[in-house]
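In what follows, chain A forms one complex with chain B and a second complex with chain C.
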Partner chain A sequence: MTSRQLLIRDVLVLLAFAGWSLALPAYASEFVVSMALTCLMYVALSSSWGLFCGSTRYLSLATSAFFGIGAYSTALLLGDFGWVETILMGSAAAALVAVVMGAAVLHLRGTYFAVLTFGMTELIMHAVTYFEKSVTGTVGRVLTVVPERDTIYLTVLALAVLSVAVSIVVRRTRFGLALMGIGADEQRAQTLGVNTRWIKIAGFAITAAFAGAVGAAMAVRWTYIDPHTVFNPFIGFQTVLITLIGGVLTLWGPLLAAVIFSVLAESLRLQFPQIYLMSLGLLLIVCVLYLPGGLASLRWETFKGWWYDTRDWAKDIQRDLTGENEREKQRIKRREKESHFV
Partner chain B sequence: MSEHTLPPLMEAHNVTVRFGGLVAVDAVSANFAPGELVGIIGPNGAGKTTFFNAISGVTAPTSGRLVAGGHNLTGRGPHRFAAHGVARTFQTPRVFPDMPVVANIEFGLKFAGRRPRKYIFWGEERDVPWVLRDASSILSLIGLSAQAELPAAAITPSQQRLLEIGMALATRPKLLLLDEVAAGLTEAEIEDMARLIRRLRDELDLTVIWIEHAVTTLLRHVERVIVLHQGRKIADDTPANVVRNPEVIEAYLGDEMAESADMDMEVAP
Partner chain C sequence: MSISAWLELIASGLITGGIYALVALGLNLQYGLMRILNIAHGEFLMVGAYLTWLFQTSYGLSPLLMVPVSFVVLLVLGVVVHFLCFRRLTATSPNLDVFEARGLMVAFGLMFLVQNFASWMWGGELRGYDYMTEPVKLGEAQFAANKLLVFFLALVFSGALIVLLRMTLLGKGVRALMQSPIGAQLMGIDTKRLHPLMFGIGLGLSGIAGALLSMAYTITPFMGQPYTVTALIVITLGGFGSMGGALIGGLFLGVIEALGMHFSNPSLKALLSYAIFIAVLLLRPEGLFTRKGRKA
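The block that comes next holds the complex of A and B.
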């Protein structure tokens, strides 16, 4: 497919997805809508995470920090400001923190970057807790003004669609190419003229802006907000897992995996919480070992390849068990011996 | 040494690079004039690649000054050097393996080699050679047109070296730094590479600085040689004079220079 055809396909899939999600609250039950909301939240989080962290291979665990910052700004601002303004401010606050954090840690790579972003998340959480304790006197806040369920749903849907749309656009710009270059070989990209420092900070800020906005919108789901709920590192981990399993470099992988995950989460978490976490871990292991491109890289050929591999493996075991391998070796040895006499 | 009337493209003043206690490059000064083809030689660990890293901005010098085309770039990032027309290749080819060959070339054209914004509708810079204006002509210059659509990981190592040069050319440089581009190539391939490098210099008016470990090959093709030894510059002269330099012979004693000494006659005019 040419690049233009791909663009048309992506936009059509996105529109279909958006239209279907838009129609969902009209006919589905309360439970399904709440599940769809979780779905959409993870779609927004993981596709915006993949936008920066996927293409540059900077594994950030700070998603929960940005999510929490967004949620807290809702707790502080909602009531004084309108719904949209609150979300915009939450998103801007998260992006601002990302710029500062990025300037400090984005020169590190690999494990160091991942650990430091995780550390920063903890730092922010404890700083907020300390601030609450010493300045306001109470830890946690109760949200009194809460918008309608449909408002929340539509907001998160808009954020999910926007994050996929931004991913589609960024892939086609110089900015996206620079991100890919940083992921492939950062120093080479620099010597070809990419100002990697600013590109990385900008990418990190975009990711954070989405996470902050999602946090700000989702905060109203809990009526009571405290640091340990909204800065829950599990949100960050889950975002990373979803994106890795879906396929970091793909556009639709994170979306696909987010849907699978939320369905798994909502249907298993209540009855069998251990099984949910185990299936998360198992899926990650299987993906890393056998499907490095993620779920979105699954093709008919992948299944065929697996089938051939299994068949050859079974054949080899069979030959081993019947002693055929041993006989083959002896035959070769005998032939070599005989060839000396010729 | 020949006289140059044009101001130098790149001036390195007392460039020193220190890694902890190790002085990799020790107060090296050198000027590179437009249109020169300069070779840098030296035994293993002489600081050749570190000197390249310094003058391409990859490693910031511990002390010293770097001026490219009249702009002081000391301590600036590699993208600033690229923007001022300094392009380089790496010792082990560092192409973008998952991208097609043509996309590797286009990368440079989209960043350091991008047309300035004032030419967005019409016009072109006057000093950019025609060959460097799009990816397909760069590909045909380096001879990889047939491989354009293959992923860069799928072409042979010697083709990857050519691609590296193409990527560097796509930034539309004035100064091209080549780091051991002939290492591991066969005799015939080395000759082709040398011919390509001379063509770049002659037809595109590039200044080329060429590091090579194999001294004999290099001395045959360059007009000026800088010899580095233990981080210091011990000679900067024509190939014919360099091979007679006692300090150089001592540095290379028992090394490749032994065979180069025989070549003395060949090089001398």
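The block that comes next holds the complex of A and C.
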């Protein structure tokens, strides 16, 4: 397919997906709608995460920090401002924090970066807890003015569509190419004239803006928030997990994985929470080991490859058990000996 | 504040610091040697603690006896985990950066798996038993006997690991692999045997730390994560891959936490350790105790 055809295909898929989710609340039950809401939340989080962290290979675990900042800004602002302004402000606050954080830590790569972003998230969480305990004297806030369910659903849907649309667009711009270049080889990108510092900070801020907006929109769903629920590192882990399992570099992988995950989560979490988390861990390990490109990289050839691997392995064991390997070795030895005489 | 109160404060910091050092040494061995940042390290500490608790309460075995047992059990577990996950990862990763990122992800998976297995198996409530709780007087300061024992054993095992690495041929091989993997392999050091063994020893050390912890503190399935984070802080303080640095860093962090908690307030403890961690990573990512010019 040419690039133009790909673009048309992507836009059509996105439109179909958006239209279907738009129609969902009209006929589905309360439970399905709440599941769809979780799903849309993770679609928005993971495709915006993949936009920066996937292409540059900077593994950020700070998603929950931005999510929490968004949620807290809703808690503080919603009474005084309108719904849309609140979400915009939450997203702006998260982006601002990301710019500051990015300027400080984006010169470190790899594991250092991952560990630092995780540390920063915990630092922000503990700082907010401490501030609440000692200054305002309470932990957690109750949201009194809550918009209707449909408003929340539509907002999160709009954010999810927007984040996928931004990913589609960014891939085709110089900015997206620069991000890919940084992921492939940062020094080379620098040599070729990419201002890596600003590109990285901008990419990080875009990711954070989406996470902040999603946090701001989802905060009202809980009606009561405290630092441990909205800054829960699990939100960040799960985003990373979904993106990795879906396929970091692909557009539709994270979406696919988000759907699978929210179905799995909602069906297992209430009855067997530990089993759900254990299967999550197992899935992650198996995925990293056997499918490093993610679900979206799954092709017919992948299955063939697995089949051949298993067959070779079984054959090897069979040869070992029947003593064929030993005989083969002796044959080679004998042949070597004979070739000496010639 | 009187001198004896100061001493008591610093000593209690050193006692927690001893455990930190032991956990950090194991993590450091894994990261320094194989570039596996094992986020699940603390979970294996929790497994060690639960093993000790289980045998103490149901068969009445002395926790001291369980220290070597949990070392061996976790060593075997570590070798198995390495065989199942990291061997394939080493074989399939194109370069060290990719290996590191994927290893981190596998470790996250292990963390979910082990932590939730424990809470599914033994339930989420606090567990504990009494062991040597009578106080001991040292000069004017008073300590619980089990805490002193924990500190003493933690130092002994940390020292044993450092001596093992410094004095024996095995240790020489490990240090050579840390300095230059390719060079060491060219000299005939067998990575295929040494890597699983060292991964296992790292986990074994966390098993010892868990067994020791269960003597003095209550245990839960979620106790591991804070220790992992502390161990990360300690090895950043001491420098990735430096064993002496991890020992000093652990004791140092314990004392700082004790002093900080005494002079400000206890809810600042986590904030304080994260602040130190981030400051060190940003200002001196090669570690506080490493000499300039030598790559950690």
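Definition applied: the second predicted complex is superposed on the first by the 341 of 342 C-alpha atoms of A that agree within 3 Å, B and C clash if a C-alpha of one lies under 4 Å from a C-alpha of the other, contacts with A are read in each partner's own complex, and residues count from 1 in each chain.
Please note the rule applied: a residue touches a chain if its C-beta (ideal position, glycine included) is under 8 Å from a C-beta of that chain, and two chains touch if they have at least 3 such contacts.
Because the structure is a prediction, the values reported are computed rather than measured.
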item	value
Partners on chain A (chain B, chain C) - clash or fit	fit
Chain B versus chain C as contact partner of A:S297, first or second or both or neither	neither
Chain C versus chain B, contacts on chain A by residue	C
Contacts of A:S34 with chain B and chain C, given as first, second, both or neither	neither
First (chain B), second (chain C), both or neither touched by A:A114	second
Which superposed partner A:R197 touches (first chain B, second chain C, both, neither)	first
First (chain B), second (chain C), both or neither touched by A:R174	first
Partner chain in contact with A:T229 - chain B first, chain C second, else both or neither	neither
Chain B versus chain C as contact partner of A:D185, first or second or both or neither	first
Lowest C-alpha to C-alpha distance for chain C against chain B (Å)	6
Overlap of the chain B and chain C footprints on chain A, listed as residue numbers	none
Complex interface listing, chain A residues touching chain C	57, 59, 104-105, 108-112, 114-116, 119-120, 122-123, 126-127, 129-130, 133, 237, 240-241, 244, 273-275, 277-278, 280-285, 288-289, 292
In the complex with chain A, residue positions of chain C that touch it	35, 37, 85, 88-89, 92, 97, 100-102, 104-106, 108-113, 115-117, 119-120, 229, 232, 267-268, 270-271, 274-275, 277-278, 281-282, 285
Of chain A, residues touching chain B in the complex	174, 177-178, 180-181, 184-185, 187-197
Contact set on chain B toward chain A in their complex	56-58, 77-79, 81-83, 87-88, 90, 94-99, 107-108, 110-114, 167, 170-171
